[in-house]
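Down below are the structures I want you to see.
Heads up, the next two complexes both have chain A, just with different partners, chain B and then chain C.
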Partner chain A sequence: MEMGMQRQTWRTHSCVPRRQSCRRLALQNEDTSRKVSTRHARVRAPRCASILACLVFAAMAAAQTRYPSPDDLVISPDGTRLYAVLSGTGEVVAIDTAKRAIAGRVPVGKVPRGIAITPDGARLYVTNSWADTISEIDAATMQPLRTLPAGFEPTGIAFDGRGTLYVANRLSDDVAVVDLASGAITRRLISAHGASYAAASADGSRIYVTHIYPMLGQFRTPTRSEITEIDTRSQIVTNRISLPDAAGVFHVALSRDGRLGLAALLRPRNLVPLAHVEHGWAFGDSLAVFGEDIGGVVQLPLDAIEDYFSLPFGVAIAPDKKRAYVSASGSNEVAVLDLARLVAAARSPSAARMANDLSAASRYVIARIPVGRNPRNIALSSDGATLWVANRLDDSISIIDTARMAVTGSIALGAPATLTAERRGERLFYSSAVAFGNSFGCANCHLDSTFDGLNWDLEPDGFGIDIVDNRALEDIADTSPFKWNGQNPDLQTECGPRTERYFFRSQGFRGDDLEDLVSYIKAIPLRPNRYRAPDGELTPAQERGKAIFLRTNRKDGTPIPEGSQCFVCHSGKYYTNQLVADVGTGKPTDRSPLIDTPELTNVVNSAPYLHDGSAHTFEEIWTIFNPKDQHGVTNDLAKDELNDLIEYLKTL
Partner chain B sequence: MGKLATTAGLALALFGAAADRPGTPDYAYVAAPQYDSAAWRSGRERFPAGAAVMLVTAQGQRKLAADFYASTDPAISFDGLRILFAGKPTAAGPWQIWETAVAGGAPRQLTTADTDCIRPLYLPDGRVVYTRVFARGSEIQIVPLVGAATPETLTFVPGWYLTDDVLHDGRILFETSGDLWTVYPDGTGVETIRCDHGPQRANARQVASGDVIFNVGKRLARFTPPLAEQTGVPQPNLEAAGPGAEVSVDRWLIPLRSSAARPFHLYDWTRSSGQRVELNPAEPGNAVEPVVVSSRVPPRDFPSARVPTRTTGNLLCLNAHESKTPIAGDIATVRVFTQDAAGSALLLGQTVVESDGSFYVQVPADRPLRMELVGRSGAVTRAEKNWFWMRPSEQRICVGCHAGPERSPENRVPEILNRTTVPVNMTAIPGQTK
Partner chain C sequence: MRATIIAAFLAASALFAQDLPRFRWENFTTANGLPDNRVYSVCVDGGRIWAGTDNGLALYENGKWRVFTTADGLAHRAVLYLALDKKTHTLWIATMGGLSRYSAGRIDSFTQLNSGLPNDVVYGVTVQGDLVWVATAAGGARLDTRTNQWSIFNERNTPMYEIWTYNVTAAEDKVYYAVWGSGVLEYDVKTERWLKYDDPDNENEIVLFKDQGLIHEITTSVSYVNKILWAATYFGASRYDGRNWRNFLEKDSGLPSNFLNQVKTVDGTRTWFSTDKGLAYYDGVQWATYRPALDTHAPEMLVRDAAGTVTHVAVTTAPAFHYTFGIDFQNDDIWVATAKGLSHGIRMKPGDK
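Moving on, here comes the complex of A and B:
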């Protein structure tokens, strides 16, 4: 059956007969949108030359502007130095903690994210998330020593104190065990979806790994994540601490005696229609509290009734185990927790019910301290007196006097003097100030500017209809229209009045703010593809898969209708013809069967699939959700052929 | 009138009062020979002997609307340059909403109703919310600051309402039935600010911390975001008429009196030290409703998603069993009621409650609504005490039947939505033909 296809009436800017041009574009890998915009620019050039020149200059300047963007922190064992990973400039800086000044810096790999230090303070290890490597650094001289291998998008890193690194790989969903003597990966331990943060117990006997994305469960069932516990002597996973109802889980910390663990996490309400934002309707900002002190694991909230602790991220436990600290990367603050009260709450018979009680945090949160924008990880001095906070979008480090529970200083990390539109937009993207009660922002669902692996009930007119999967935002500038059904012609429509009215329920992005936000979103780059060889050459399986993607005949030789050929709809640079179509994947609860043709760039990273996230894998798209060959002809393909097609799709 | 003139004259004699107290900002207050803050609840006059809004600056003190018979309820614009007030140019007419510049000038009339309009407040979207008083009740209404328009009503259950404040998050805080409620500026989302249902609450204002301070009898209490129940506010051993005006976290301008026989006087009160300085010691009458005259950050604007052409709203309950107080008995069905013109309950319909406690109904908009949970025997298991309303196209979900604002929903698809996404139609009003 040939699929239906409709052109949206607002697509008046299209200069080429799209459907006819699709195949050519797919084969030549050209960028239709760029051609169109260039053509428009050429027509206007005589009148707008100076404006265009200014815009080009501004764009070049913006592209060259790099902000330090501190992300992770670690303190030397003697407390004299603080090391900060600058994910924006690709560096590590050493800060003299007495002078509160930068004492050295060293370039590392692309987009560094995590850092660990050896117990003697001699070596630093930094994950380079876009290079899939680890930088080994001499901490005294701040000189690079070695580059070690990791998995796909290494993020969190922990050292067992004896000679082995444990690296959480976000895109390969595993933990690389790296032997420092040989510099090689000796094991890959299966973790959960989006392994991202890691911490070692004080004695190095155990490693705890958390995950930024939820595990893929049955469609429209409660979310679940886990804390993966690794025994470092046997180097095997010995425990998977289940976190029901959790999705994004961030930093994890252990008490010095190893009996108490804390992990920052989000409890999404994606299964309930988002008709309200009050009452914690969108997210619960929470802590997983686990370990022998608790006798299990419970989740306790950090929010207040009209004042949310949005996007909890970094965690630190005081050496004397009296207090803990958690940063909120959306509401720009640090919470101070009384650990005795927290443990008492966690051990109380009503602990399970507290997970959704917005008044529970009053039992154990004793202060909330405002810090800079988008605070990421935090580091506590060995005496517990000073807390350092990496303010990623302020390019600074806040210094908190824990006795006074107040910020007493700040260290600037050398940001450019001016803010680009993209940077202003990034600040807006990560801020929760746009939503009722500071409850959430763009980055709650688009974690680290990606996605959250969840499907949501967002329809503003009715309940339980038009369930929608959250899509990634990489390199989407030229992939209009937007929204799952293609109803938003541009990002201003996608992110403007509609978002404030139906999501935030509060004054959202307007005017210049909206333009800045769109500038940022358009600038979100495509992450490196891990499955495509640097020279572009495909493996035999990928070649076979490509042939299937480009085929025009079934295996029996009969022609495949043009509208059911993969590359017709998934065409162009982004593998989308930017039209809507009925491919039979609509559900009875959808208002319309017409679905926007999604781009396929880096599609391997963004499971689940289909407009509503009902397919966990590529294979399910064709084997479960394509019974009538409406979504391409796939029912004549054997298992190994589907595998080949998958191998090819991974390279896009 | 004569009494009021005396009051105003004495107030004028205090020329330069603001300068007497270092750090005391410019402020306005209401000078009134008599003040009965609760009178509005029974349709009586809060200022039976008249009142005058007095403006106190470093340059002195003056009557805000000098030519008016009476003025009350001052509210300062977000830029600190203009003042809303309820005013009566003559003794004969009703109270209406007026605006004037802090710097002076002729007041501009914003409402032209045939009954009283009182307690105006600025909204961040360029409109004004106020209370419209009728013979047997009051309503909360909105008018634009500029341009004529029919006032928009936000309340749809007969009763006595009084606007108190506009919260930082953009919701309107108001009093009714002895409790504090919130509603969005499009009339949606009406609910009590907490569900601890304490004794008579009144005169509420939000302070910079986000806490809502209000009267419980003669004392002050507060709601604070971390807590689901009201807590006390340390204060002098005197009767307070509302929290007054916040100068800083530690300083309030607060009306206090020693006994019901005495008038309220205005004090500059430092909370940490307990020190209080009377601002108008020569004032013979009451000095109440103080407001600081300065700019401030406007509340968040609320983007309405309402579709005015609709006539119904959708109501989803996630779990009728969820309640702060135990529900004795089983729950099999739910009945939804509205009211007739006389205030008698009319049954709109009855539907099954799913085993997880969920149900989904469509109800008429802009009418009183109330629900009853019914057991298998047909006996009422739990009945709502208060009535509420829904606006056209409003999509509303309740965690439970008496869950409280502190209770977040469980992340589960309610069973009713697994069974159907079509609500039970309860939009036909008995006795009303379409």
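Moving on, here comes the complex of A and C:
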């Protein structure tokens, strides 16, 4: 049943009719050149039959178009094989590093994201983020062996070298400890919010886990994240390396001697109006530098003035500890860092003040090497001579000669010959080229096409006016209007020229680019809901909650005004009537109390809540922010009934 | 001559009590770094000792106390009870202002406003695998840490007629709540059904039906080990083996008082009691009480044998105070939370003086 539902989701992803994009797609099947397709699109009176045939063909082609989308990489201990996780096609490919060619492939679960290898190179373990499982693979034969359990949306994975996997579960905010002998989860360790990437120290004694969402702190206070450190002998969390002012934290790597750690991270400037992009006040693209070599942790910038190193993602440290490498998934490059200089900067008395210093990176960044689009993780050969880069949106792997600090080759991973509008839009979505100084793109806030867990002060309307929570983008095609005040009737308006003024300070999206971008956003699929049983049957608590959601009378029998009945505003397939309403959640700093009724699909995943993100949890929506029963009648509910309502909302 | 008599008395009393644990007591107060002398609870995590006080949570490690307050994220300054998840070493903290969770230096708090917790006054907490059971002033609750689902247990879905749950204990098969004014509530894990145990003479403080049921409705603590349930009340203690009840009162047992704050059994038989008049121990036959004497405050250990004969055992140290709240074990040692400090009972070997 779940498989069937999944296929349906993917079909929706690929082939929801969109007039503009299908027209262009049809024409692109004749010629993949953008210019040609655009020119053809301007033909005013094509024959109807041909057009229809093209449309049907394009829709079918789009439905079948799956791009490999390499995400994570790992190298075999003997260096002869590079394994790449293809999140788009749901596979792992083995690449012969000498021949620089694909030597084998194996299908895994839905949307695989992370990979780990045993020290003897015999086994691969891959997280299937949409199936909540781990695939165990025989690395020599590329045959699947077992499917192991994980938590909700397993992403990063690390092996302790002895017999235990540590799996970062993004949606359950924990780390599953999986015993390979029994194939069972033996414990779940508490992480921070959005556990996503994991790395083991070379001796396997420590595991480090990072998180793509910030921890939920006080409203409108600086962000905070952590690196969760696990001792593998005791299998418990022994340290939480605090990262003040950090939000999204991505890959983490340890030096071979275990004394130095690096983690790529974003430092958002979400507390001030997004009106100072040109002054570096949107994001700081940084590294957390930690470990015994540092004697603590400091954050050092990777950006340069007017030349940002956007969305740092993958990290590798050379075996001789002379260099480190970081990929920038927004500005499409790899930075080469001199580790001695980096450590010196991190240990300098001024290190704490360096985090926002756009001149600091010149002290330790010695080169920035352009690579393919949306580089994700990177892997360094054991001799440190070759760096492999997974270019997710080019469906290729760049090969960097680290001595020359240059790309010397590329391996194509078998992408379809045509580029769909969605794929072109996805490239735009993940690119920071649109913003001043390459500083950020859509994906900075919509991490992995989701959200960032932050509230922002976007418009130049003064400090603290119209604070807005970042909304998720899953399956929103039919949920117009957009923006929390509901003023943007379609995504073309939401994502179009206004982004130049309100976001990027350089240019906005227009014309074909805008249509492509909108096509992509509309195609972002809904992730599997972890709280709804595969057969759709609700638990008793969920059933009780549903009854509350659908009720029309208070507990004392008096009728609830229609506008205060949950299901009236939160109606339809997406649980929104697509209208604005004043539900009493507006703040004095909001210019209007009228708020767009948000869709509720997978709302469980997107805390904090309300239009400004002031409610950290579902409960707070009603225990704190609904004193007058304007946002649904809830004040007659007992606490257990409110809990039931929340259990139901989790299933939507 | 006098010295000889005293020596003989000491030797005789030591011999008499050799089967009962004897301790050398070390006491911690604010003078040693505790944030408050009123210590409600204590929890042992290997070599680390957690103390829940009226003014914060304290951790004793490597000879030093570290204090956690609301500034560190603690839900309330008054920490009433502590429970350790032995798998993950996560500490669950019951406070007067919510339930807090400590893990590797980070404290997260759950309140009635930000979570499904039924009430912020949390008296008790225990861990059962992925489940955390909580006793609050407005019913019991269970948090499934895997799904973050909260379930509330109160008068609407259990047989309790008071919802002031005071303590909870769990094993693989059963969960027991001490419900202040409503006896003991049993949850059967397999059948998911609730059962209630009441005082057969209701709220009558005269025991009419001894050993025929729970001693009193005002229960304060429960402890369940090896399928043996112990319940502490303000009017005596009860033991239930699944078939028979046995009650213990000050007048007919070695309990120094009927006013019990906590009961904690080691194996179903060997059981400890924190009372308002000292720390008590029962080994199935004999009783012992450890305290500063109520009148002179001199260290005191009383032993009551099976025949009911009470003997004084000469001791040189005692717990910090006779009013005791909480108990936990550290191998053969014991830690006791009292109203005037935290006490560490270091187990003495036979022959130690």
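For this structure, a couple of remarks:
One rule holds for everything that comes next: the second predicted complex is superposed on the first by the 595 of 652 C-alpha atoms of A that agree within 3 Å, B and C clash if a C-alpha of one lies under 4 Å from a C-alpha of the other, contacts with A are read in each partner's own complex, and residues count from 1 in each chain.
Criterion: a residue touches a chain if its C-beta (ideal position, glycine included) is under 8 Å from a C-beta of that chain, and two chains touch if they have at least 3 such contacts.
Quick caveat: nothing in here was measured; it's all calculated off a predicted structure.
Applying the stated clash criterion after superposition on chain A shows that chain B and chain C can sit side by side.
By the document's definition of touching, of the two partners only chain C reaches A:Tyr531; chain B does not. Within the superposed three-chain arrangement, the count of touched residues of chain A is higher for B, of the candidates chain B and chain C.
Using the contact criterion defined above for the overlaid structures, shared-chain residue A:Asp640 touches chain C, although it does not reach chain B. Of the two partner chains, neither chain B nor chain C is touched by A:Asp395.
By the touch criterion defined above, A:Arg240 lies against chain C but remains apart from chain B after alignment on the C-alpha atoms of chain A. In the superposition on chain A, A:Ala304 makes contact with chain B only, not with chain C.
When the two complexes are overlaid on their common chain A, residue A:Thr617 makes contact with chain C while staying clear of chain B. By the touch criterion defined above, A:Asp357 reaches chain B but does not reach chain C. By the document's definition of touching, of the two partners only chain B reaches A:Glu278; chain C does not. No C-alpha atom of chain B lies closer than 20 Å to one of chain C in the superposed arrangement. Residue overlap on chain A between its contacts with chain B in one complex and with chain C in the other: absent.
Residue ranges of chain A in contact with chain B, taken from their complex: 220-223, 245, 267-273, 275-276, 278-281, 284, 301, 304-307, 356-359, 361-362, 365, 436-437, 460-465, 497, 500-502, 504-508, 589.
Considering their complex, residues 151, 172, 186-190, 226, 228-229, 234, 236-240, 530-531, 541, 616-617, 619-620, 623-624, 638-640, 642-643, 646-647 of chain A touch chain C.
Against chain A, in their complex, chain B makes its touches with residues 124, 169-170, 189, 210, 224-228, 300-305, 307, 314, 316, 318, 360, 393, 395-397, 399, 405-414, 417-418, 421, 423.
The part of chain C that touches chain A in the complex is made up of residues 87-90, 101, 103-106, 112-116, 118-119, 130, 138, 145-147, 149-152, 154, 156-157.
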